[in-house]
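One structure below.
Going in written order, the chains are labelled A, B, C, D and E, and every chain counts its residues from 1.
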Amino acid sequence: MTRAGGRSYAVLWGLIGVIILLALWEGYKALGPSSGVELFGQGILPKTDDRSMPHLWAMVQRAAEPVNSSAGSPPVWLAVIGAALNSLGVAAVGWAVGSVIGLLLAILMQRLRVAERAVLPWLILSQTVPLIALAPLIVAWGGKIQIGAFSWDRWMSVAVIAAYLAFFPVAVGALRGLQSPDTIHLELMRSYDAGWFKTLVRLRLPASVPYLLPALRLGAASAIVGTVVAEVSTGYKGGIGRMIVEFAQSGTSDPAKAYAPIAGAVVLGLVAAGLVALLGLGLKRFNRQEVSS
Amino acid sequence: MTETNVHPAAGGASAGGSALAPAAISITNAGKVFAVAKGAEVRALENIDLTVSPGEFVSLIGPSGCGKSTLLRLIADLDEASSGEVLVFGKSARQARIDQEYGIAFQSAGLLPWRSVQANIELPLELHGVGKAERTTRAEELIELVGLTDFRSRFPDQLSGGMQQRVAIARALAERPKLLLMDEPFGALDEMTRERMQQELVRICAETGAAVVFVTHSIPEAVFLSDRVVVMSPRPGRIVGIVDVPLGPGTSRTEALRENPGFFTAVTAVREALHGSPAVPAGADLR
Amino acid sequence: MSDEILVDPTSPALFALPGESVPLASTRRPATGPGSGAWIARSILPPIILGLAFLLLWQLVVIVFDIKPYLLPAPTDIAGQIVLVFPLLWSSLLATGLNALIGVVVGAVLAIVLALLASRLTVFDRMIVPLVAAVAVVPIVALAPILNTMFGSTSDTPRRIVVLIVVFAPIFINTLRGLRQVRPVHRDLMRAYAASNWQMTRTVTLPGAIPFIFTGLRIAAPLGVISAIVAEYFGGLQNGLGSRITSAAANSAYPRAWAYVFGAIVLGLVFYGATLLLEWLVTRRRSSGG
Amino acid sequence: SSSGSSTLAASSSGGALTPVKLQLQWFTQAQFAGYYAALDQGYFKDEGLDVTIVEGGTDIVPQTQLADGAVDYAVAWVPKALASREQGAGITDVGQVFQRSGTLQVSMADKNIKTAADLKGKVVGNWGYGNEFEMFAGITKAGLDPATDVQLVQQAFDESGLLDGSIDAAQAETYNEYAQILETVNPATGKLYQPSDLNVIDWNTEGTAMLQDAIWANTEKLKSDPAYQDTTVKFLTAALKGWVYARDNPEKASAIVVAAGSQLGASHQLWMTNEINKLIWPSPDGIGVVNADSWAQTVNVAMNAKNLEGSTVITKEPDADAYDNTYVNKALDNLKGEGVDVTGTSFKPLTVTLTEGGK
Amino acid sequence: MTETNVHPAAGGASAGGSALAPAAISITNAGKVFAVAKGAEVRALENIDLTVSPGEFVSLIGPSGCGKSTLLRLIADLDEASSGEVLVFGKSARQARIDQEYGIAFQSAGLLPWRSVQANIELPLELHGVGKAERTTRAEELIELVGLTDFRSRFPDQLSGGMQQRVAIARALAERPKLLLMDEPFGALDEMTRERMQQELVRICAETGAAVVFVTHSIPEAVFLSDRVVVMSPRPGRIVGIVDVPLGPGTSRTEALRENPGFFTAVTAVREALHGSPAVPAGADLR
């Protein structure tokens, strides 16, 4: 099977998977009890009434209608696209900042083993701190920053939170990558009397690419999650996360509306991962593995 | 070929000119102890005395774990001797490494997978600030030398194992070192490729006039290539004998040498030194 | 997509247990025995020292710059609150922990079973892999409000489902990678033995995938805790750490909020430690090479 | 590009405007109609102010933003602001816009929950985030223990828990969530839910109501910065005038909010404007003046009502800086000088018809 | 040892009793074509005719890529012949695999890293439903046979390369197969370990009476071990010669054989067949 053929087949099969999922939704809705299924007092299958599980066509139909009744209100799908693009921009900044910080941390940890031992457990710990605890701090302290014409905007707080999530996979992946060169290559560099920096540039960084790329993609996904949560948390307006909460507020009386921004978030995640994958194309050369035979 | 000389223990100076220039390698009473878990130690090398003259080809042979690689690594300053002295061209091993006095090739080629054949060969030059134009010229020379002209811009994973080895050897030669250190460079090759590579190594050494320290498991290979074969024994690693392989006048290291009775005598001598057994009947000893 | 290396942020090379061999042979170092003083000095002390230094700096900053508690409470205040609210902290920790545990366990079982299916059935593989790739990059927290509507606000199920979905992707992807990792020589060997599919899975595929499964679990476990907390953010029973943190923060009771945050950190570390322990138990009688 | 001190004492006759930031508690909606109206009608500009309205978020605490200097004024509920004051936030209530609490506990009529005492053994919803103390106080006042006698549930951002029966009595603001219920089709009748289908507990009548939306200012700057004092009066003047506009022109005010980007549609915003007006008007002391009795009740509940963690909102009486009627009185003088009715004694609410989905 | 027989091309039947029992292996005009990308093909094997009698030891030798492994895999039914017929004990290769008529050892030991030495050896028995007690007994026999008694409960990564190979060989022998297929099992060993392993293989084969097909790169190894050496040439893989290594009466395969002139003649014959060159002077040919 040729490569292009494989790609389009994959898309086809993925589509079939999605269609089966959608069919399950409607199928369960048609057949399942309206009050859901409980086992040992715990609901294990959802309720099937129109408010809990709107019909798929109701969601699509709702997405085509305007957001609200005010004049000039755009259709939901258009608003969702706008919000998603907005979030994508913020997340991209967070991702870039987080990636740079992650890479620098990894280089530091690679350079100093003590730093690795001291810092790494705290990196894991840092990811267990709920964003709820950090968001107000970041917003409050960001608000104090004002240097010349530069002043802190709310979106920057969101980007910082996105970076806080994105840096972690990058730092860890990059560290693994930087440590990945074979002994033989390291000794070769030593025999050339190449110093730490030269070894970093010529050997460690290129060798880390196969680890770095998936880490960057993971970072992109984390940055999106961070952006979505931080938008809700900090009240940043215009993004998809904020839209999810806003639309969820009308979940009582307009349930189908809430699904549009969620679909938007799904697409957003895929787009972000895709963009990073594109980045990987330029670095393909470094993905070569030495075959030992 | 006239006679086969076996020095029972210590490695004396070779026939080469030791008065004119400093020896390529001069190791005096060197030892290496590795600390392992819980205070235990491994005595990898002990009482090593060895001198290698400029332009001389010396092989190290011995059973697995006898310290061949360790000895090579001491010379290359990839490990430090626990005792004794290791001089390379009259300087400390460390200084020699910093001055880039040697080129090294490992058992596996160790090419950087993301660099083309040419870029791999250029790597040491690039690291030492040689200009682009000069690098290219030198790399082309070397590529021709190892017979990979058509493969210049290929990547390592597109080469066969033997080709990769040749690139590694070219890389080791890039800076025209006066000393070449090779740790079982042909270990992974099949018999025929291996014999071809041996031929090429002989040719390259003749052309560049470099001294070589060559680690191998194969007796015929050691004898075929070397001026002297250093035989080692394990735990702790010591030199148990040095076999001279003097070429008679007019004899050169070609395929025909392998069928020369003198060659065969040297093989037997190495085999004996290695097995520590009394001599077996000459003329029937192989591998 | 799933065939690429999924970087394990918590690879064994980085978090070796005492006695676990570190497969990172970039430097030949003398091995130091587990439990020995040197091991403790090298592996445990640096993070603890850094942590203490961080707390000290925090405390100093709060004192020197006279930072008011509504901005950032001092570690001592937080410690005081931890003591004060401990019973409640404990019960909320259990509530959230239970949600996370159920989500992680069910998610892990589901992920491993489906990965086994995908490794056997090409059709299933082709359908599910793109879906999982999507799930892996989707902000699942976005689903929480909808799940709350679907199951009702008095149910813990929505939170558990959020955890389940979040942990599913990393475990599934890693397991599948492990299952596909079978070395050709082992495949040939089993064919030479005319082994059945199930024998192949039981004796070669699954044991070979164990390290990969644990890689997934190690990523998933702390992620599960965080998701359980974030899910509480979107409504439901008010018995967990997430709702305690929000309500304390909304009342400007920041030392109390941070006391609960501390609980969240502890819970995350417990989950992470538990997977490490489990991995050690499962793999201690086996070796890596061969 | 602005914060804090207004260096230029801006004159109302043109010239540079003083930049001012106002922090809201939540997203744009008619709960804040007065400020949007003042902005839209140019009242702020008339006073020489360039006002930016900053929306809230789930984790944005307006009073913290204010104390921190990120904004100049903030809208916040009194009990929450008092809690922040106890944690060191230097803020002062300079304008008590809402005179009554808008919080209800709503239940289906068939559940027969009409008073706090009826909540015994029921599943009781609330939003958390510190919005629950009136309820706790009410439950306690009825002789129940909130930790054991009721089952507490945090509601999502909507009222579906009430509608699907998983919550017996749900928290709702008269101006928002209550309307959302009334915008939903009752499956039993096929028409929208009617108020007669529902029972409500009103904390104002239960006697545990607390003061809600107020305008807060930075205490320290009020004391030290005359320009800020001046700006405060001007800000209050314009903002209160905006609320008067909303009272007199509810349809227009709600249209302004919709245009400013509110999520829900016009009928919902009109309902909200109308309900907010009911919380403000009539204001016998004049809009924005802190009523000493309501304040005392709020402080009393804040100090005594325990939530299920056993904590109270505040532990000691707030100090004298907690509220200050000086500025609002000056603003009211300005308004009265313009002939504006600042008490609304003759206020008559509208009857708003809701539509399905609040679109 | 009396004479050395070289059959120039086709592989005739051996001296062994072909009338009594079916041949262990009987390959008729077999070929193997691999389809590679974009319609291209690799003709790995062509016109292979080979018969191996029960109890006979046959080595396959030839340059890298000539199809030795492929031929072995056809016999083991790990790949399917594109043309021709492969019979094992008179049945199709597939049936023979299902009936477990052969044991196999690969170039890399291919032990399961999570199983101890004993559990690795028991694997085939376990898969074929042999009871616990019987398994243990058999495994202990085999462990003793390969000299790993002290290492029974070690894991593969705690063994040296040679020990791993021995475990793999024990595993291949576990079900007492009448046919043993071995693909360069000693490739990774150093010379001395290798010679010891050869000795042991000879002993094991003598004890079990199994037929063996043995792939190797080393001419002396092939000659030392085999009744017949099959020499192959690449692209497409064909059999270019079969060298008989008849043992004279009373001669057995011990270390002494290596110094026997008849052995040496056979080495030369294989070398010639392999290189396709005219005969070199006898008595000086090694490796």
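In this text, a residue touches a chain if its C-beta (ideal position, glycine included) is under 8 Å from a C-beta of that chain, and two chains touch if they have at least 3 such contacts.
Predicted model, so just to flag it, every value in this text is computed and none were measured.
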Within the chain touch network, how many edges lie on the shortest path between chain A and chain B? 1
Where chain D and chain E overlap in contact partners, by chain label: C
Can you give me the shortest step count from chain A to chain C, moving only between touching chains? 1
Where is the C-beta contact count highest, in terms of which two chains? A-C
How far is the middle of chain B from the middle of chain E, if each middle is the mean of its Cα atoms, in Å? 34
Could you state the distance in Å from the CA-based centre of chain C to that of chain E? 49
What whole-number Å value describes the gap between the mean CA coordinates of chain A and chain D? 36
Where the CA atoms of chain C average out and where those of chain D average out, how many Å apart are those spots? 41
In chain A, residues with contacts to at least two other chains: 47, 51-52, 132, 136, 140, 182, 245, 248, 251, 255
Chain B, residues touching no fewer than two other chains: none
Two-or-more-chain contact residues of chain D, please, as numbers and ranges. 58-59, 61, 64, 68, 156-158, 160, 164
Tell me, which parts of chain E touch chain B in their complex? 63-64, 190-193, 195, 217-220, 258-261, 263-264, 267, 280-281, 283-287
What does chain D use to touch chain A in their complex? 1, 3, 27, 54-61, 64-65, 68-70, 156-160, 163-164, 177, 180-181, 183-184, 255, 258-259, 261-267, 355-359
Residues on chain A engaged by chain B in the complex (per definition of touch): 182, 184-185, 187-194, 198, 202-203, 206-207, 209, 285-293
Going by the contact rule at the top, pick out the chain C residues touching chain A in the complex. 1, 4-11, 13-15, 24-28, 42-43, 46-47, 49-51, 54, 71-72, 123, 126-131, 133-134, 136-143, 145-147, 149-152, 155-157, 222, 225-226, 229-230, 233-234, 241-242, 245-246, 249, 257-258, 261, 264-265, 267-269, 272
State the interface residues of chain D toward chain C in the complex, per the touch definition above. 58-59, 61, 63-64, 67-68, 80, 83-84, 86-89, 123, 125-126, 128-132, 151-158, 160-161, 164, 166-167, 307-311, 313
